[in-house]
């Protein structure tokens, strides 16, 4: 019935795979609408499916489907979601026709009643764990790794005094990246893997309750005040108006995904103590220092490239200007069939602003290059509209390696930086010069010295064995 | 998105809860379209959801959703269901908002690969079995009892040499009514409980393969030739073009639901050796013998009452005529809000044929009375259109007891025969006389002497402990 | 969005092209729901589009669309149709993709305010009239002939004292078949052409108002009591609770479409003083007298053939029985692509009832033969299910001529009776004998001697020059 | 079926009422897809309905509906629109439930065959003209003034040798604002009223044909090269590959809507010789000169306010920064019921970027203030996120007067500048200072001296009698 999802999306970027939310209000206060608002704020983390599950005195109601938050929920079905504890999820799908069963949260019944789970990350050993469970008689209804965690929790809970103890047991079994929200009949848990690959933070709601969100911008949307990040390895347990913390797995050197700062997260989010917007401004400045150029105007690829461009302009003193205008209406339903149409589609989504380009030497800033085709298209567009020179500056190092921690990057063979040796990249794009943020520069963009970050997609240095 | 299902449906009747299909063709022959045709033929057994799962070299594809067969499937999605083995299912939902997760077939992965199941019936001890499984760490994602069977099969399969052996093990654990189709990576199984509560039969397809269907009319629609019924207690295993039979659980006195003959099944189906149409004609004759009346015309409530009326007419020599015209277009979408509108709705669905009623003494035949409201409405309608007398003859005994074997009958407190003592029934309906088929008469309607039938909803005599 | 209409429909029949409704209640009483009920009852007269327009103190609101009545209207949009005067329409479309603009009623503004029109029939000289109007500067927005009438009314109204006088003027201009309902700011008119090709009748509502309907069954559905037919040539004007009649154009010999009795109209309708059901019974009897046969069972093609079959059985004393079971769920959404699938589709829509056929000599009664393909398919189906002989009896003469008065009959070259000489028809169908109702017999089926009927599609004798 | 349009839209702004497109390619080249791309580019000019009509050898096909371009068109229905001449339209609806009949283009048949029209503007004397037409017997099917033009054209064409002559005749009858595209069986016309209230321009397509568009950005999207603007008063006639111009009505002092530059048009459009982007930068500079302020950061309300903010920053040397982050996903489907939810909705659509606000004196630039509620909400949001001072600068004078030329401005009583005297505005908004662009400053923002502009909504000086 729904228009078919056209994946991969229009501008080729790596993809964050999920966003999670949790909320625990005082009894009698429905949380579905807050989760709905929060999911809107996290929609950029996943556009394939969305879901909300709420808990009303241990009775669970749930709505989830393929589609955008605004397509799935309406006044009527939100009103039917009665309950003061809740979990929300948005999901990115690697494949266009991923089954609806993979939508989250997943609600199951286990020995202690209902168990609801929403997850962002990637479990490295899920396949081996699944085989073990199958050998013991388990059945699986989806291809989602979250079902593996569900089974482990159910088994662990039999011999544990509490759901948090069961979680601890499971944390000794699973490896990889996971920022999860878990809802039991009476508790809401937030769990972050010991390396803290994916962000997760805690807020205080207007009603005196607690909220959990992948990003602080999700808390803003739920009208909740940011309290602090969930620590890597921490288990946070919320029950009534009490929040307790279990830090058995804390203390490791963290490996927060650096691409959250570069592209994934919203600029208005603050993650593990560092503002995303500020980081992007600093990246722009770094690029200006590392690759100075004599030019007339600095422009950014909307929307993400604009922050970088502002930083570059500030540092280089080359004036910032709008060079590309984004059409807000060319969404997923846009029809592109032939290659000519796809090329045209770039012009439709991003039109050039000729007055700012004609006869000018242009610095064009983008956050990353994945396949390179969009960048080449944009350079052609700018030159066709009068740009004398186009100098490309990219706010991240070249993508070279796959991610195993919850980011969807195309096959190595499609990666621009893998396909072309460094000296041929510029010519391949049709640019007049090209500069990538170097891996070294990353230490100068305002991140914390006393923290740790994963840049394996650029460096190949994986923080855990994969 | 879909128009909300308006349950209970228009004319109050008991409800069959499911229809199942299976098919195994030679490799390379897709079976989805055959299942689609078959589901159309079984649509009367369940209108809440429908699904098809097909097996292409052990890879399973599935489409299922809430709604009618014709709403769920289309040329495109049927074409995507590649595979030469398949399972189909239509489902009746007790509650209007039953979760989509309960739609069948259910496809799971267990230790030996995929496992697909479609079920018609009711497992008496599913709750106890579920508790045992939960205590061992199992998780459940729906409220459907079929998930319990899935778990049992997965556990049994670990210690069994074959899926059919696992099924045998499970048959020692589950009690109640079940006519199931099971698809493993390489086999298709048909399983019927030892009492044979629900029908299930085997056909031979044009392509030389085998088909399984709840009713023989389903085989006709799949262009398959009826071969024989699955015996109560039998496990039928189809692999390639070979059919083998396991009769470890055969030999008990059967308890086939007698209401299949009275109302559920299609008149063109033949169940356990007895034609449904013939039975209905015989019931009409029995009624004529048991409750003779001096009248001018015999009419039936369309569509099910017409067969009875023909039998009554034949035996009584009172001419048959059409007294009620059914509007084919007043489906589930019909809007009824107030009581006045509901009354009017009866007139819309069934209009009276005044020329056949005016000044006449009318015998009106229906298959059953559940709540009694529709019958009373119809009598009013007939009298308003000139009927001088209305004599009601019902092709089944009064409903008095709940069914535990897969039929949905309203709460006892809503049952007409429970609410009103026999002597007040006729007046309550506004009829001039009233006759129910007596439980004794059932032996005279053409059923088999050497078989067994369940009439617990009329007699309260349950064939197994409940 | 909507599933594409699959025309021509499943069983090939001629098509009635429209049904019309009107209602005038006391001020403050909304009529939309009554029209909605009435349209359900007239749905058989047109399934391509439906519409309702209501008048609230001269303010008109309207909802119309392609689709079935139950698909177009819902609680919300019906509630938005406030008004105590109203017009309803169902429409059959000759072409699958007829523009939505052709849906009726058509609401326009003319010199005296709003003008709403719903029409059933065919204006013979509409093309010439349109050309005249175009030459004077008129613009047309649809291909519907009703727009021509609208323009004529608007022009006529300038020089007329009342809308009824404008209608009289227009009746001198238009030729052909028209049963119309017209709503002006304060009046509701029912107009029937002088030959009365299409039916139209008047009822009295429970609320003391008046209702107009193509068939009396539409009045029943609106809970209105049948008062009388609109006379051929009559203009009925309803204003407040007053009904006046203008008979300037009455008195000609009528030419009511005889096919209304044979196939189009509901059996529970009474048209121009003759009951449709009775006529069908009499046709069955006539067939029995005209084409006696030694047979074991008389069966009818559901649903329309059943009445004929009952009549045939009564006259011939050959027992009636069900030989074909209709599947109620194979609607327009049924998928048929290849010829094999179309053949199979017949089996799905109509399954044979083998117990009534096996070894028997069968008389199969249908209302008409258009292309002949369905009949041939049914004969094959019956023989495959054991019928020893199949004798076809058709309740109408062979179709030979096009209809110019509002019925859609396929091109002459597709007509069975045109393609095959009489002596080859039986063999072509694969029947053992074949009998059509003769044109002469029509006088013996209970129609009125003092009335007139059009049978041009059989006889080629058109009642007006075409 | 479609989600109900929630009007008025989220951020209260005046509304452009339409966008028009035309294209004429060589025979055999379908134009539907080009129009589709062009409509995407003009979507900001109207989101209520959209339509395309194409001409294939004088046969017209059309698709139009309520909704966004991306919702209405798909691969299949675009492919069905065969034809080498075409017209496109997007429409803003003043009322949420405006009838579908008002969607454009409107296709009619008149004396010379088909006539298709798409219109942007407002005919001042349409009501009087309509009355005249009604008095002569015309009928109208919509409330759209475009139907009046259609009738006038049809009447005029009778006595004219060509459609362009008919247009000339009509231009002597109609008064007001109109930028129209007209398609006859063999010609495509572009017509702009003598005052040139609304923009309209001509392009040359890749295929050697001609294109017409409300804005030059529409030409870019159709891959057509901008040639020139249609002159105020000009009639452009395209036939085959020939473009001729009729300037009988040219030469008046133009009155182009100045709000096209301030808010309506895309920044990448060039209108009547002036770039929209440049104008907005200049407005920002003017504001900086007119209302200097000691501040730490200049921010704009996305998206339209950003250009102004860049200009302000450039002139004032106060650094530009992002202060508000726009959520791309909160479209029309966003649920807001209570006032609290509406306030929250502002936060969702625009979240504050605390790092850029905390402790800072902020200059916030927006294009206009209509009701003032959104501005007040934003100021609260900024202060809640740490802004020490918020200084509002508005890129247009205060709205005081209704527009009669195709812009939808709320009733006077709702206008902020009408409700509050100038000295109370700042306090009412909760701002620390407030400056509107003065009417005088408009001459310094880069517009043409030798042209004319309408600023009646600010000044009350209407360029024609209203």
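A, B, C and D label the chains in the order they appear, each numbered from 1.
In this section, a residue touches a chain if its C-beta (ideal position, glycine included) is under 8 Å from a C-beta of that chain, and two chains touch if they have at least 3 such contacts.
All values reported here derive from a predicted model rather than from experimental measurement.
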Legend entry - Pair sharing more residue contacts (C-beta pairs) when A-D is set against A-B: A-D
Inset, instruction - Just give me the whole-number Å value for how far the CA centre of subunit A lies from that of subunit C. - result: 60
Inset, instruction - State, to the nearest whole Å, the distance from the C-alpha centre of subunit A to the C-alpha centre of subunit B. - result: 49
Inset, instruction - Could you tell me the distance, in whole angstrom, between the mean C-alpha positions of subunit A and subunit D? - result: 36
Inset, instruction - Could you list the positions in subunit B whose residues touch two or more of the other chains? - result: none
Legend entry - Touch relationships between chains, expressed as pairs: A-B, A-D, B-C, C-D
Legend entry - Interface residues, subunit C side, partner subunit B - complex: 3, 33, 36-37, 40-41, 43-44, 68-71, 73-75, 78, 217, 220-221, 223, 266-268, 270, 275, 277-278, 303, 306-307, 310, 314, 319-322, 325, 327-331, 333-335, 337, 341, 344, 347-348, 351-356
Legend entry - Residue numbers on subunit B that touch subunit A, as the complex places them: 1, 62, 99, 106-111, 115, 134-141, 147, 150-151, 154-155, 157-158
